[in-house]
Amino acid sequence: MAPRKLQVACSGLGRMGARHALHFLNRTPRAELVAAFTPEPSEVAWAKIHLEPSGVTICTDYNEMLRHPGLEAVVVATVTTVHAEQAIKAIQANKHVLCEKPLSTSVEISQSVVDASKTKPHLKVTCGFSRRFDTSYRDAFDRMDSDAIGRPSIFRSQTCDKLDPSGFFVEYAQFSGGIFVDCNVHDIDLALWYFGQDSIVKSVVATGITAVQPELRKYKDVDNGVGIVEFWGGKLAYFYSSRMMAAGQHDMAEIIGTEDELSINANPIGTLVEMSEPTGIRRESPPHYYGRFEQAFVTEATEFTAACLDDSKLPFKLSGAVQAVKIGCALQESLNSGKKIYFDETGRRSEKAAL
Amino acid sequence: MAPRKLQVACSGLGRMGARHALHFLNRTPRAELVAAFTPEPSEVAWAKIHLEPSGVTICTDYNEMLRHPGLEAVVVATVTTVHAEQAIKAIQANKHVLCEKPLSTSVEISQSVVDASKTKPHLKVTCGFSRRFDTSYRDAFDRMDSDAIGRPSIFRSQTCDKLDPSGFFVEYAQFSGGIFVDCNVHDIDLALWYFGQDSIVKSVVATGITAVQPELRKYKDVDNGVGIVEFWGGKLAYFYSSRMMAAGQHDMAEIIGTEDELSINANPIGTLVEMSEPTGIRRESPPHYYGRFEQAFVTEATEFTAACLDDSKLPFKLSGAVQAVKIGCALQESLNSGKKIYFDETGRRSEKAAL
Amino acid sequence: MAPRKLQVACSGLGRMGARHALHFLNRTPRAELVAAFTPEPSEVAWAKIHLEPSGVTICTDYNEMLRHPGLEAVVVATVTTVHAEQAIKAIQANKHVLCEKPLSTSVEISQSVVDASKTKPHLKVTCGFSRRFDTSYRDAFDRMDSDAIGRPSIFRSQTCDKLDPSGFFVEYAQFSGGIFVDCNVHDIDLALWYFGQDSIVKSVVATGITAVQPELRKYKDVDNGVGIVEFWGGKLAYFYSSRMMAAGQHDMAEIIGTEDELSINANPIGTLVEMSEPTGIRRESPPHYYGRFEQAFVTEATEFTAACLDDSKLPFKLSGAVQAVKIGCALQESLNSGKKIYFDETGRRSEKAAL
Amino acid sequence: MAPRKLQVACSGLGRMGARHALHFLNRTPRAELVAAFTPEPSEVAWAKIHLEPSGVTICTDYNEMLRHPGLEAVVVATVTTVHAEQAIKAIQANKHVLCEKPLSTSVEISQSVVDASKTKPHLKVTCGFSRRFDTSYRDAFDRMDSDAIGRPSIFRSQTCDKLDPSGFFVEYAQFSGGIFVDCNVHDIDLALWYFGQDSIVKSVVATGITAVQPELRKYKDVDNGVGIVEFWGGKLAYFYSSRMMAAGQHDMAEIIGTEDELSINANPIGTLVEMSEPTGIRRESPPHYYGRFEQAFVTEATEFTAACLDDSKLPFKLSGAVQAVKIGCALQESLNSGKKIYFDETGRRSEKAAL
């Protein structure tokens, strides 16, 4: 008898949603994609070609999708503004949930997903911080965790997108929560992972500029931002995000300990080909986030599936996703107020700097 | 209705056989692994755990496996000595065949597989030169093919294994055809791919030493070999193979054209982590062949499946596999005779050098 | 007739002073080292062996050195606390001056050197920002200056020393001006070079930790610091300094423009040797600042000499050295107050953030 | 009293000669360039501007230069065809000699320089194998010498010039001794250094093509050559030379031992700048030999000077220069005969392969 497969549905078939759907359809051996939801006619058309022939039911109503017979788990990959609402509905319908990051751009709404999940402790509810599933970030974590670098003290991380000359991200900015929530939430999540999930923030400060899209200011956003986050206990993280990288996506991190240092993706690799030309020696870089992290998304699908089927632990706690949004929002606030923001040793806002 | 899947069987469940079986079982969406053959009790035991629960029939008789109802294609991944025999039997039974490299260490026996395949032109019969399915080698080929480097003139390629202190390869050497057939057959195949499948060899010469395993000499083999292959038309390839790399598997190639140069894997990459330590800056390297080429094997399975299902062209001709063995055997002969070997413009052996 | 040589004296024969002396003695063809000053007996002993036999007069009194017949130029390479005083005395004595960085840890005292130099416009007075003489930093500047990267917008730079387990830098900290003045003054100077010498600072903020030397707090200093400096006109620089690098000195910078990005020394190089070992592939890094910048110091000596002899322009204005100290002091102040500091469009301190 | 300086003359003021002259004039503190010889009017004109004002006597007659009062040492940097003759004359005149490589393209003539030097054992006579003075090659040697790689077994080395579209090297070929003598003599010398100066060659074989300059065949030369040199005692070297590199000069080597591997300049570095552009990440490479080895030439001058002044040992024996030419000539002969050439255990030519 063939092993049981997890019955999965995918909500949202936009750029990332379509990828998630295909991963669960073709590259997650223990899962079976049974349904997909999208209200978009163009996405429905795509699904008729790429999913329906493999037996996937296409829904234009989210609730209808949730009622699919035998459905066990839902991937929420719609626009950020409905992540939380859909995740909560799925939880209430007794489905496991893999929700794209962030849960919400609001700390309170993010927390409401955590609260909902607590009412159903048998469900697996997680947020898709893809870098947590990447071989290289994991390799670095494991080295650090086995004391290879001494006490981790400084963490630098950046999320830098290849310049999209269409300026798409300007209008997108009004719903994205701003660059520190939309982009750096990944870096913040990594800081929490590497420094310890229960690290308590001591201060945050951010500065930014609009180098290519001055109109971003109307949405209180920037296209290049730098933020510093200090944690209680002598740990410091600093972040950079940019919307204008020339060579391609460049996400990287470094973790400096009292004895050694680890870097992850300091030198981006497209293929292993190097070109020696009259202008020098050149290698290409992955152009986009997915080009860099495709395998991490597949691992995410595989491990989420295993956790649901085997009732095993997910690799990280959902509450961390709220903490990351909280820090991202504080950085965005500091960017716009021009002030450093302080927190006391319980993580509560404070008027005074503790030095 | 779900799309039709190719019914595949895997012959041989040793190190590579087990990997092929799992790739067809889990990572080749359009294929279904239905049967597997191995005479080895330990491999049968493994298959009972990893394959049988997913509905794969385990056979200890190759012919029985071939008779599996509905079977359409066979992966031959047994020891090299039976590759050709099993491939021919499968062809005779009207199965598509993906045969591990080399078809045989004998030119004549290799040719007999090609001859058999010609009697069944509707079948897809191919040899698993895994590097042909690797993204980086393909990227380099495509660049060369689109005239990025001028006229390709010099090709250097190496197959270097991490030192196996067990000396396993000594006893293995008596059946492997020697280092130029066993290891460099990959590099020779790449030379034929990059220089053109119909390139005609003009001369070959090889030299080698036994740096770590002097006992190899009893099987007329070496643990480090260098060979030069000249082709008619002003093209030159040179190869290196080694059984004693310290840092890990290091396969690499470079193709030098009249205008530019491309290298593939000159700088091996394990993960994207770099370690800064008191002894310097360090990165790890993939330890083994599979660590480097895992994804290429999956692509091989996927493309072989598509060719069988859609009756589309395979990415290369089977006759090339015979040509690669022919050159590998000539290098091994040169190693042992101490002489350069010449060929005329039709590729036939010649006593005289043409300069 | 042999060409005239610049008559130079070197004040201070400590670590850097001795190097400067030898550069002018042996590696600056158009200069002649004629005198050297040091009050330290151990340094006098060294000079007796390494300088005196080549005809260099050794003085234990600075004024005596200044009176050396024919003396034209002085290198000030003593401890920071007397840089300004000695530079001013030399100017008053009508000598050209190459003063080690920083002029002083005080903005006012730094400015007094500039003021003194203005009274003698025929003299060449400069501050030894060694990176300005480094081939790689110059190459990057030239590329940027010829519009290779669009509008430069983000500058990141770090000065990271190899961990000195002796903790020498703790006691040194009380006179060094703090990590942002002592280390990052180089990075700040580079920011002013790349963004334009007349860039006006808009805000500064800094955070830091003591990861290896908690006693630094008594001198209001840290061993790892991160600072952000925003300039009017939409430019942002951020800096990192550390006293605890494992692999060696790691100074690096990157300049991100609206079209391209340049990095300098992202991958430190000791020699061109790479070691492939069971633990991976490794290269060494220059252990110390001088290992990285030796040639830049020689170029500095050569160009300073040429400017004095030929009355040609120095590569940068002395006033920039004051601006760099001003920003460094503001970062150090922000570190200790926990507050962001604002400046108006004329560069004057302001209570309010301009957003 | 100032220390005594070695009185040096430079013969030949062509490309390399002019550089040698300037190195001894400006960058070799213990030497003094007192005379220079060239018969070329354009070179005389250059010398009038760059050397004469510093007190260097310019001669158009070699013997006149040799008679310069007080002259102690001669750098021979003329065309290869007169290297030996001038070196011998200088030896007879009791001068130390630094002769550019090769001593001659003829083994016999090369040997005559060694013979002459033996008659004057108090003189320092050496051949300018510049890579022996390069920090990176030395670093690799020292590591190997301190047993870092086990028993050195395989040596690969290449000398690849940037393509000179003028085709200058075609006419030059008739006097250069061919690519294996002109270019690979460096690599052969390195093999002798790394494997031991007394290594005895067992066989040589070479193959080559004319990829860009077919006219080279008229001088029995090629523009791309590959050679294999086997040494008695289980050591193997292989060499590549090319006249058509796109990205710049690319000399590199790797030495593979039974335990580890070292590479030198596998990744060429121009400056430490990396450019991130829409086409990828790029670094430049030194365009020419001098760009790569400038500092090695300065070290060569410095160490030659020290050996002469202090009567200390030169870093290598002159006889090695003959051995390198001997192997280079054998490779060139093999290229043209199409045959492998054998040597017995005393290094004498043999008809039969020893296996």
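A few remarks follow.
Lettered A, B, C and D in written order, each chain numbered from 1.
Throughout what follows, a contact is a pair of C-beta atoms (placed from the backbone, for glycine too) under 8 Å apart; a residue touches a chain by one contact, two chains touch by 3 or more.
Keep in mind the model is a prediction, meaning the values are calculated, not measured.
Of the two chain pairs examined here, B-C and A-B, it is A-B that is joined by more C-beta pairs in contact. Among the other chains, A has the CA centre that is most remote from the centre of chain D. For the pair chain A and chain B, the distance between mean C-alpha positions equals 39 Å.
Per-chain CA centroids place chain B at a distance of 57 Å from chain C.
Counting partner chains per residue, chain C shows two or more touched chains at residues 245-247, 260-261, 266-268, 270, 275-278. The residues of chain A lying in touch with chain C in their complex are 149, 151, 153-154, 156, 203, 205, 207-212, 224, 226, 228, 230, 234-236, 238, 240, 242, 244-247, 256, 258-261, 266-267, 336-340, 342, 353-355.
The touching residues of chain B, when paired with chain C in their complex, are 245-248, 250, 267-268, 270, 275-285. Those residues of chain D that touch chain C in the shared complex are 1-3, 25-27, 29, 53-55, 135-136, 139-140, 143, 148, 260-278.
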